[in-house]
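Quick one: the structure is below, questions incoming.
Chain IDs A, B and C follow the sequence of writing; residue 1 opens each chain.
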Amino acid sequence: MTPLLSVQGVTKRYGAHIGCADVSFDLYPGEVMGIVGESGSGKSTLLNCLAGHQPPDGGQVVFDTRADGPRDTVRMSEPERRMLGRTDWAFVHQHARDGLRMGVSAGGNVGERLMAVGARYYGDIRHKATDWLARVEIDESRIDDRPTTFSGGMQQRLQIARNLVTGPRLVFMDEPTGGLDVSVQARLLDLLRGLVRDMGLSAIIVTHDLAVVRLLADRLMVMKSGHVVESGLTDQVLDDPQHAYSQLLVSSVLQV
Amino acid sequence: MIQLTDVSKTFTLHNQGSAVIEVLRDVDLTVAPGECVALTGASGAGKSTLMRMIYGNYLAQAGQIRIGDLDIVQAEPREIIRLRREVLGYVSQFLRVVPRVPTLDVVAEPLRAVGTPAEAAEARARTLLQQLNIPHRLWSLSPTTFSGGEQQRVNIARGFAHTYPALLLDEPTASLDAANREVVLGLIETAKARGAAIIGIFHDEAARARVCDREIDVTRFTPGLAA
Amino acid sequence: MTDYNFAYLDEQTKRMIRRAILKGLAIPGYQVPFASREMPMPYGWGTGGVQVSAAVLTPEDTFKVIDQGADDTTNAVSIRSFFERTAQVATTTATAEATVIQTRHRIPEAALTEGQILVYQVPIPEPLRFLEPRESETRKMHELEEYGLMHVKLYEDIARHGHIATSYAYPVKVEARYVMDPSPIPKFDNPKLGHMAAIQLFGAGREQRIYALPPYTQVVSLDFEDHPFEASKADHPCGMCGANDSYLDEVIIDDAGGRMFVCSDTDHCEARQAQGHRGKDAA
């Protein structure tokens, strides 16, 4: 089986400071991988390098494209990379307002990616937007309201709908439940789990919340100071961590 | 079906002076299809640890753990995940579920994951919940708020939904009343009859005697405890 | 002789502007940055159009200025007199006689011909601006032809009003490449943008951008398949000349709410009246 994403030796420096160093892994279709670590461990830098938001200083990020098979996205042209960003990739930001157009209605937000790939039939766009709002549990009557009138949890669900409407194959998530109330988090996680399974999505989730990865991720990478210190099956890393830092991370979580 | 060769397990506690605790050494164990083997030994002997290693939840330091064709000590995460989905079931003592998901879906989920159509999966889930005497009115609710006994029975229903070729059972009859205990033992016997290889931990001696073909005292793999 | 250089701007500046115009003509619809100068009039009064006019005018030209179609409004009168003083060019109100026409918010009704130049005053040249405030990002979107956002604006219109309610500055796509803001002309005028015989130049003074449509350029108004573009106007004939096919202004004529509709293109209306056409409100 061809990996959907094959990452080799990705390195990013900020001057003398290491963002992330020599990160390699393969992600297969349908797999969900979590990346955990404390603030400044390089997990967000890595995610941005993988998603094409930042050019890495070294390494390859090979994505198995629909049309041409495996391609190194670091070296492909910017239009091609941005096209991937609108079609096969999705990016869910921690803060919904970074991923939404706050001045545009909920329906317009969901429809934008469709229109960006050439949808020109209003009725269809409207229909798909309505369908997706329902799938992320937003009442249809809110379709023409702006996200500024939505709660934090609704905004985050809207961001997910907007990202998934074009049927991407790989979703990048940066702290998708950060800043939400615990009860809202649970609902969002449940929703994400269902969507990931039903759509057969692959996902890379950056978070510092171990409960999030336990629920969503098949596998886990633990990062510290820009390096991957441990990786493996999620429950194995959480229940039987091998590296000193992973042990510290796991033992630092309050038991409820 | 399940074969362990020279398996060892140590815990290294890096944050407690790098203490190294040797838990299991040179475990050899084979379970054939249709066979049920009980792990015995005093509390702390490493029964649960061994069970978790076979499930891939704990990492073995040495040796081979083969389930069917796969050595899970060397396997990739995705191979272990597929193994758990299709081949290896595990009924733990504790139910761990996503909040908000209805009981019926919790039980049907393992079948859905192997591609069983929704209707067939739900029908099987209903049968199991009925057998295990979970009141019908609870099926549409999340089990997170259920009593301990109800949660355990939901867990058992979930574990027996898919016909796994290999099964790990951690205290499946503990804290069950006589009627439900009988149902669970019946499920185990059915699984054996269809050829499942089963490893179990049973404190319930009568249950152990009834369903298990062999007993293995884990103490003999425990450094320091072995005679 | 005046104390000003011909058409107010110095020759170096005019060359710089002409280079921008030529580049704009070479890449239809592309916004060319230029070093906009301070003009002796406030921004918003057509400084972009005035600089473009100054750069293309020759002593032999005949110059016409319209504001909302009219030759006699303050803005049109002051720009016309500005070039009368600084360039001593002949001026006219007759569309057919003009070689350079500077306009704000209209395209003349009469078809323009080869050899004529239409100069538009543009307040905000970037059609994507209201949806994407970052200039770096809008440039990238033009570069990569990422125009989905333009349709989001039209989607919002239909969602809110049941139809595309954008009635002026209606976005167009030029030669199937650049999306362009045609300046705040009514969408009634959009069909005239395409395949026009005259050269069309667009100047935005405050925003420092020039763009252009060479003669006979393909210009398509954006729309949805199930909500096609429509060039609409008030459903009345002109009260003065009776024209059924011209863009109309609504004029309130008394305190009792009385109103009449008249051609916004004053030259067109007067020419028709001179030919004997009469509307119902004509004296």
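The definition used in the following text is that a contact is a pair of C-beta atoms (placed from the backbone, for glycine too) under 8 Å apart; a residue touches a chain by one contact, two chains touch by 3 or more.
Bear in mind that the values here come from a model prediction, so they are computed numbers and not experimental data.
In terms of inter-chain touching, the protein chains here are arranged end to end in an open line.
The most central chain, judged by the distance from its Cα centroid to the centroid of all protein Cα atoms shown, is A. Centroid distances from subunit B, each centroid being the mean of CA atoms, peak for C. Separation between the centroids of subunit A and subunit C, computed from CA atoms only, is 46 Å. We define each chain's centre as the mean of its Cα atoms; on that basis subunit A and subunit B are separated by 32 Å. Computed from the mean C-alpha positions, the centre of subunit B lies at a distance of 76 Å from the centre of subunit C.
The multi-chain contact residues of subunit B, meaning those touching 2 or more other chains, do not exist; every residue touches at most one other chain.
On the subunit A side of its complex with subunit C, the touching residues are 78-79, 82, 86, 101, 103-105, 107-108, 111-117, 120-123, 125-126, 143-144. Looking at the complex, you find that subunit A touches subunit B at residues 28, 31, 186-187, 189-190, 193, 197, 215, 218-219, 232-236, 239-240, 242-244, 247-248, 251. Listed in rising order, the residues of subunit C touching subunit A in the complex are 131, 144, 146, 148-149, 151-152, 155-156, 158-160, 223-227. Note for the complex: subunit B touches subunit A at residues 11-15, 52, 56-59, 77-78, 80-81, 98-101, 113.
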